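Here the chain labels run A, B and C in written order, and each chain numbers its own residues starting at 1.
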Amino acid sequence: MGFLDIRNVTKSYGAVEVLHRVDIAVDEGEFLVLVGPSGCGKSTLLNMIAGLESISGGEIAIKDRVVNGVHPSKRNIAMVFQSYALYPNMTVGQNITFGLEMHGTPRPERDRALAEVAKLLQIDHLLDRKPGQLSGGQRQRVAMGRALVRDPDVFLFDEPLSNLDAKLRVDMRTEIKKLHHKLKRTIVYVTHDQIEAMTLSTRIAVMNKGYVQQLGTPKEIYDSPANLFVATFMGSPAMNIIPAKLVVENGRALAEITDAGGKPLRLGFGAGNYSAWEGREILLGIRPEAITDPEGADRNSHNVQPLHNMVTVTEPAGADTFVTMVLSGKDVIARMRADAAVHPHQPFDFAVNMEKAVAFDPKTGDRIQA
Amino acid sequence: MASASEADFRTRLQDWLPKLVLAPSVAVTLFFVYGFILFTVVLSFTSSKMLPSWDFIGFSNYVRLFSLPHWHVALKNIAIFATLYIVICTAIGLMLAIFLDQKIRGEGVLRPIYLYPMALSFIVTGTAWKWFLDPGIGLENVMQQWGWESFSFTWIKSNTMAIYTIVIAAVWQSSGFVMAMFLAGLRGIDNEILKAAQIDGASNWQLYRRIVIPLLRPAFLSAFVILAHLAIKSYDLVIALTGGGPGRATEMPATFMYSYTFTRKEMGVGASSAVIMLMTIAAIMIPYLYSELKEKKE
Amino acid sequence: MSVASQDTAVSTGRITRMLIYLILLLFALFYLLPLYVMGVNSVKPLSEITGGNMMALPQEWTLDPWRSAWSTAQIGVQATGLKPYFLTSILMVVPAVVISTMIGAINGYILTKWRFKGDTIIFGLMLFSCFIPFQIVLIPMARVLGILGLAGSVPGLILVHVVYGLGFSTLYFRNYYAAFPTELVRAAQIDGAGFFRIFWRIMLPVSGPITVVCVIWQFTNIWNDFLFGASFGGTTQPMTVALNNLVQSSTGVKEYNVHFAAAILAAIPTLIVYIVAGRYFVRGLMAGSVKG
């Protein structure tokens, strides 16, 4: 049993079920990120944990207490909203302590808690200002202060960084991570940004269409995506998905694809038993960074294979150069060192790290377990 | 934890409290608006005279209503009045708005002058125009004093022309408001669209005819709906300006209903005329409100 | 409101501009004309109107018509002037405006922040009630007021104006609160504030502008109302009805100068509101028509 238990939880509006049997156990001190495209049900799930939306089926328990039907203010949770939701008519100090006031905490204690939080977040000098006089980053801090001051069991974050500009977003991301290291509190964090999910979380739940597609550590999600959705949603640029045919030669499984000229070529999988798929169509998944120039290939990999193909376009992006080619009729992106000598419309010798390659069932989209 | 899935008191309170607080307003609206409408509709099928009676006589009141010359006068008048009122207000409002939008110096002075009549009651407007249009002391007299001896303006005393004096006063009162609506619409148009059209070689006339006026469609619709419902409801202005006269020459449905119900004590006929008025307004307002509310949901 | 620039990109020639200015000025005269006529003739002796020119400035200035209109003119059967009717209007307008605005505020709060199934239908029903021809409710309303013992009384008029003013006040607050982030209400809920506390502590403190708009709209509408006053006022009539009685009275000499002074008296409260808070007045008009 976890610290925060989501057991078989469903949500329906009338006859329409929008969240299907979600089952997640969160341990104390964990940083769980719910990630997925808009409309996947991640915010609905967060609101159900908060008590802002009712639970249609299953139960949610915090510290072994079932909280279905318990008023939000009685769940000992705190929430940071996307728009920060600061009360415009109150000062920063009043904003932060409003919750304590509502819970009948005496004034001296409120002031002490406020001072502590303000110091932690470095907003001491802002306490008498109104939210309208603050910058985006300052508002963000105040919103977090309001959550911290309550000393709740669980922190809920609803896309807290999406209203900030790109640079501030990265800074605040680091800030939140530092805070989590320092305070070791249990956090459930909703975002549509897969980079935020990867960097912040101890575990990720990737959601789509009301289902949890995969629950796991960032590394598990990235390296062993459970299905095509997770594979393509997590990572940027997205994982290359190449139609292939599985052939077995001398007991070794190979993916047969075609190059830009339509000539067949084969890439061998590493370990794993693919015999059930012999002669069948599969989808080969290779992340861009697994396709490099030979010098840039991963030295620790036991299965780097050469691939000779025509280059379509190169896009230098500072630290990396993205190279596009065509495999099996699809655009495939490779991610290379900036100084790789690669030129458009010329053939190039690529190196493919097949240790990182995965295969999917084209019918169900699930990864083929080998 | 037997009642794990049952909401706690606070959650349940929060569920019904808003509905409870809203309930009186809903009840009042249902009773005083929809209940009363129903009452009047029912009344229109009875033989009520001075007091309501519950003797049902089918559509007789409606048959009688449409055989009354007064009602025909009222219908003809409302047709003339509503058409001219809506068309002229829209034309003047649009023209003033477009002109005011030409970086006019003194816009801040002109705009409130155009709009202030909207703050006045129709009774005040009616009183002012009644005496201003009076041949004895008003415009006709003024013109003759200024040396235009043959000038004659006796519309307000004329059976056929009095209805147009109501149009004049009503246009005076409402056209500034229509101007404000169009001006808001004009100011909401993205200037880059206009610049693009000018680069495409459109003349000012073409610019307004082909780009701006089509973009003002929502303002036209709102203006039409507001003016139409004001026209059908217009009662005060007629009472103050002409009192429905001379004779019954400026009778309108609203004055007809009032005099048949309360003066002539023919409540059944009065109720049926009110029902006709309501149905006309509903035919205009319901589609409009429906589309407005639906739009908002998204 | 969009933040588009105030001017159009359209440019016009010299002659066109002169023509535009001319037309704009002519219309300004047209709109000012009745006000001028009322003003000028309310400070003239009657003989200057009947025997002279309505457009001319007074040769002999007098405030007698104003005094007469206020305190001695014959209205109905009594020579009381408009004073008592002015008082009736004030006694009727103030409570009616306060009550309908307060109820409208809480209705708007519920309809936007505590949404439930069917709330749009309820709002639609309330909204449509703004636009009905009030003739349809005259007969039953007269009876209900009679039964309640409120016929011909100020409380009766207050009731009528509150009932039929609710739609607009709800509309104003609903549209205003709709733009107010719902996340704030959710945050307050998590903080432990309840239904009324959220309204008092979070919503009301930011409702200043819309309250002004709503108060102005309700004040103007109720002050200017004639139909309800004439139908249900009995002997306690509001200003508009008294003014009409004064002007329409067929007995004695027509004292035009007194009529004009009386008309201005009836118009002054709403004109003051318009001059002092014109910005809000326009916003109210627009919100009431273009849904906002």
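Assume contacts are C-beta pairs under 8 Å (C-beta built on N, C-alpha and C of every residue); 3 or more make two chains touch, one makes a residue touch a chain.
All values reported here derive from a predicted model rather than from experimental measurement.
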{"item": "Chain contact topology (line, ring, star, complete or other)", "value": "complete"}
{"item": "By count of C-beta pairs in contact, the leading pair of chains", "value": "B-C"}
{"item": "Separation of mean Cα positions, chain C and chain B [Å, integer]", "value": "15"}
{"item": "Gap in Å, rounded to a whole number, between the CA centres of chain B and chain A", "value": "57"}
{"item": "In chain B, residues with contacts to at least two other chains", "value": "10, 14"}
{"item": "Multi-partner residues of chain A (each touching 2 or more other chains)", "value": "51, 71, 73"}
{"item": "Shared interface positions of chain C, touching two or more other chains", "value": "189"}
{"item": "Chain B-facing residues of chain C, complex", "value": "1-2, 4-10, 12, 17, 20-21, 23-24, 27-28, 30-35, 37-38, 41, 49-50, 52-55, 103, 106-107, 110-111, 114, 116, 120, 122-129, 131-141, 143-144, 163-164, 166-167, 170, 178, 189, 194-195, 220, 223-227, 231, 240, 243-244, 247-248, 256, 259-260, 262-264, 266-267, 270-271, 273-275, 278, 281-282, 285-286, 289-291"}
{"item": "Chain B contact footprint on chain A (complex, rising order)", "value": "51, 54-55, 59, 66, 68-71, 73-74"}
{"item": "Chain B to chain A touching residues, read off their complex", "value": "1, 4-8, 10-11, 14"}
{"item": "Interface residues, chain B side, partner chain C - complex", "value": "10, 13-14, 17-19, 21-22, 25-26, 28-30, 32-37, 39-40, 43, 52, 92, 95-96, 99-104, 110, 112-132, 136-139, 141-142, 145-146, 172, 176-177, 180-181, 184, 186-191, 194-195, 198, 204, 207, 218-219, 222-223, 225-226, 229, 232-233, 235-236, 239-240, 243, 253-254, 257-258, 261-262, 267, 270-271, 273-275, 277-278, 281-282, 285-286, 289-290, 292-293, 296-297"}
{"item": "Residues of chain A that touch chain C when the two form their complex", "value": "47, 50-52, 71-73, 77-79, 81-83, 85-89, 98-99, 102-103, 146"}
